[in-house]
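The two complexes that follow have subunit A in common; it is paired with subunit B in the first and with subunit C in the second.
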Partner chain A sequence: MYREQLMKKKKNKIAGLYPMCKLKMLGMYVILIILANIVQIKELPLLLIPLSLCIPLIFVLSGQPKDYLSFIKMVSYFVCFVFIVQALLIKGNDPVLIWQWKFLHIYRGGLDKGLTLAFNILNFAGIFYWLFKTSGYQEISAAMEQSGLNHKAAYIFLSTFKMIDVMRMNVYTIMDAQRARGVETEGNVFVRAKAFIPIMIPLVVNAMLEVGERALTLESKAFSVKCEKTIMIPATHNGYEKIALTISALIVLCAIGGYVLWLTR
Partner chain B sequence: MADKIIELKNVTYTYPLASRPALKDISLSLEEGKLYGIIGGNGSGKTTLCITICGFATKFEKGSLDGSVLIKGKDVEDYEEGEVSRMMGYVLQNPFSQISGVRETVLEEIAYGLENLGVAPEKMEERVINIAKKTDIEELLLKNPYELSGGQQQRVALASVLVLEPEILIIDEPTSQLDPEGTESIFKIIRTLKEEGKTVLLVEHKIDLLAEYADEIIVLENGCHIKSGPTHEVLIQRELEEHGIQLPQISVIFDELKKRGKDYGAIPVTCEEALKLLKNA
Partner chain C sequence: MEKTKRYSLKDDFSMVTLLTIPICVAINVVGDQIVQLLKLPVFLDMIGTVLVAMLSGPWTAAVTGILTNLVMGITDNPTLIPFAITSAACGIVAGIFARKKWFSTQKWKLVVIVLALVLATICTASPISIFAFGGISGNGGQSVAIAALLASGTNIIAAVVGTDFWINLLDRSIAIIISFAIIKVIPDRTLIKYSLGANFTRKKAE
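And then the complex of A and B:
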């Protein structure tokens, strides 16, 4: 009864697709990103901009628009920073001035670099975030194991991702402990930077000790017993995989067609 | 005589980088189907003894081992990979470390060992629920193992090993974070394990409970094996108090009475025995 509950499929047909199918769709999206990088309009990879707008669309179609918002919140600072730094600092070989205000100059070379980096980050990170938000690490690792991935490799894949979560929880515990010892963790950038080391050292040491004990744990859970392994909550298909792949493939084919037309124009 | 299931012959074990051995020349032979209580102060080598018997001390800790550890007459190191963990279940002292770290619910966490043994998925749930009922964690099954209290984690850790139904169980302080009621219930589970014919090695500080449940007691001090024998014989030896071992209150009281001339014929180690003696007197 618990098992049925945990195996219940997501209502949304896209979010509920088999993880391997999503992985293939992700691969096709990467083809689109590559094409958008190659096609230059006014010597700029402008197509990356509309492509990055497909990410929120995909999230909405998957019924998880909120996850897109949290994604944007996470990356927007970084992306803006990268874009501004690249655009303002790089001149390029034969500088073509595009925009100027007082001492700020933007040259085409810089704009090119800035756009390329910023929107590639948005596109790549966005599509991976979509995969992990709609499937979850555990489901993905189960699907990979079902497709023949080695049991140990699946464990390493999964525990690496999970470790990040656990470390995030540990950071708070360690921060509390260090605060109690008088380390200041709140305040301006410099105060926080000073707190970095007393937080990182116990975090890393803890993680390393835990890896040691983890070996005993796994052994006590029969990890190294040589036999066919099973999965209690396997990843399942929801039946829309063929349609989804066909539609994705058609989109990619159209894009390639468009690219060929653009080449021979 | 019962079969010797575990034998240690002159075992000395030194952790890597340590200057002195954590276990010194220990020889023991343990019989099948008995419950052994291991006692000793902090740092006396109880945990080290457990991991040495499992073969983890050389396999994972990579310390140096002299002497030999035999499981069913065969050296632990001669077993093939995984064979020992099929036979022996080990519950770690720190329940947080017993979490596999790759499963999101207690249900799947307990089932993880079954997955590793290749049990059919349809059969897992029943086994997990049975164990969860026994260890009183049924209402936690859908929770994240990392979001449990220390005592709850301790029960989950025990359940995740019990579910594999190993012949030999090595349990390191399973009740250190449990309330008295929880402790009593864990001891009851351990007793049923013994009734099922399993061999149990139990590290525990709660001496009154060991007096009631254990068949034999092994006493360690500073890595040395200073005493062992049937519970009744060991837990009445007052000289153990000099080694920092606490004896059951009841046996101390009867011993004091005896010294003052009030001899009841024997020294009891549990309240029940004491009551019987008093009735017959």
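And then the complex of A and C:
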């Protein structure tokens, strides 16, 4: 089933790139973000706004526009909150009033701070989310192992994600079981807080007791033997890495050129 | 025959510990989700880290902390990634205390540990939340409190550090109490597989 999912992703040329290549592209995007922070239009970092619109574009080009929607759903509340608080509350050193409605004032200093924080969060978080949504965890851990990381570290990374799914299912089972016993999970804060311990302890102790068995299983498959390891489904190059890197390097060079022009205008 | 024990990374990262780190990261993430499910006003994303610190020292705890925030950043809220430093710092502090065998039933030692953890949190988390997010952190209740304090004219540093102190004091105390409760339930034969587990067994080695 994992193989089928991987094939579906590999059909798209951008989503199918080698994970390390995507990491390099992420680094170049970070350079763009830094440049956009430095350039000020009307003393405001307005370039961050069009840059943050690049992220949905990248998601659409990778063939996963739905993931962008879920990303926006996750961060929009937080970003709006940050922006509103900064814009309304901060005056700056020499307050220049920009907008006013009854008791609400927006000064230039606050607008600057709010724009910077909100759109930096959108940009940085978005590009990281893109990296982890377009390549599966298994692919990333395989790529990490191929580029020379210790296989134990790669195993920890991969098994963390598996473990979370397992534990999440166990939480609901244990919660139902404790509810059947009469533990109250609804009510005021103290009642709900009391329910936390009877859920947490069985969950953890169960998982800890399984560790011994899992260690045996791994040892029986020669996990700690010092030899070359074979990877069942290795991360593959799809042949477009060089083109992708060249294009993104060109964009970064153009941006740096534009920045130099802006400096010497 | 009393010998001072020397700690090596190889002992800390034993096979069993390698398998425990993912579990403890999962405990942190799931703890955070239970908090959201039960709608409690704390984080509780530190239980697994403290547990690993108590069982096998500071470095494994630091790895657990960093992985926790990375995973929560990927699956839940990308703004949590910078706070990996906080989790790592707390893990290291708790691990150092665990090596000194301060996790005992004496209450004043536990109080000192909680205070040290809170201090580590404030030293690392408050600068991040001030510079990267303008004082607003992921926790809903705290963000509202900070916004209210800012609106009433409080200095931003005072507002963030003040709210961080109270919330983390509560949070870290709960984390330590729950980790202790968990360790009390784990049988001895599992405990002795960890490098520091022998400190918590019911029968002491002679």
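Quick note on the criterion: the second predicted complex is superposed on the first by the 189 of 265 C-alpha atoms of A that agree within 3 Å, B and C clash if a C-alpha of one lies under 4 Å from a C-alpha of the other, contacts with A are read in each partner's own complex, and residues count from 1 in each chain.
The working rule: a contact is a pair of C-beta atoms (placed from the backbone, for glycine too) under 8 Å apart; a residue touches a chain by one contact, two chains touch by 3 or more.
Because the structure is a prediction, the values reported are computed rather than measured.
A.B. asks: With both complexes superposed on chain A, which partner does A:215 reach: first (subunit B), second (subunit C), both or neither?
C.D. replies: both
A.B. asks: In the three-chain superposition, say which chain, subunit B or subunit C, touches more residues of subunit A.
C.D. replies: Between subunit B and subunit C, the winner on subunit A residue contacts is C.
A.B. asks: Per the contact definition in the header, classify A:155: touching subunit B only (first), subunit C only (second), both, or neither.
C.D. replies: Both subunit B and subunit C are touched by A:155.
A.B. asks: After lining up the shared chain so the two structures overlap, which partner does A:167 touch, if you call subunit B first and subunit C second: first, second, both or neither?
C.D. replies: After superposing on A, A:167 lies in contact with subunit C but is clear of subunit B.
A.B. asks: Quick check on the superposed pair: does A:225 touch subunit B, subunit C, both, or neither? Answer first, second, both or neither.
C.D. replies: first
A.B. asks: In the overlaid three-chain picture, which partner chain does A:121 touch, first (subunit B) or second (subunit C), both, or neither?
C.D. replies: In the superposed model, A:121 contacts subunit C only, not subunit B.
A.B. asks: Just checking: does A:199 make contact with subunit B only, subunit C only, both, or neither of them? Give me first, second, both or neither.
C.D. replies: Touch status of A:199: second partner only.
A.B. asks: Is A:233 touching the first partner subunit B, the second partner subunit C, both, or neither of them?
C.D. replies: first
A.B. asks: After the superposition on A, what does A:138 contact: first (subunit B), second (subunit C), both or neither?
C.D. replies: A:138: touches subunit B, not subunit C.
A.B. asks: Thinking of the overlay built on chain A, is A:3 touched by subunit B (first), by subunit C (second), by both, or by neither?
C.D. replies: first
A.B. asks: Would you mind listing the overlap between the subunit B footprint and the subunit C footprint on subunit A?
C.D. replies: Comparing the two interfaces on subunit A, one with subunit B and one with subunit C, the shared residues are 155, 159, 162-163, 166, 212, 214-215, 218-219, 223-224.
A.B. asks: Taking the complex as given, what residues does subunit A use to touch subunit B?
C.D. replies: Residue positions touching the partner: 1-3, 5-6, 136, 138, 141, 151, 155, 158-159, 162-163, 166, 169, 210, 212-234.
A.B. asks: Can you check the complex and tell me which residues of subunit A touch subunit C?
C.D. replies: Where subunit A meets subunit C, its residues are 71, 74-75, 78, 81-82, 85-86, 89, 113-114, 117, 120-121, 124-126, 128-129, 132, 152, 155-157, 159-164, 166-168, 171, 185, 189, 192-193, 195-197, 199-201, 203-205, 207-209, 211-212, 214-215, 218-219, 223-224.
A.B. asks: Taking the complex as given, what residues does subunit C use to touch subunit A?
C.D. replies: Touching subunit A from subunit C are residues 13, 15-16, 18-23, 25-27, 29-31, 33-35, 38-41, 44, 47, 51, 63, 67, 71, 73-79, 81, 132-136, 138, 143, 146-147, 150-151, 178, 181-182, 185-187, 190, 193.
A.B. asks: Which residues of subunit B touch subunit A once you look at their complex with the stated criterion?
C.D. replies: 51, 54, 56, 59-60, 80-83, 85-86, 89-92, 94, 97-105, 107-108, 111-121, 124-125, 129, 141-142, 146, 160-161, 164
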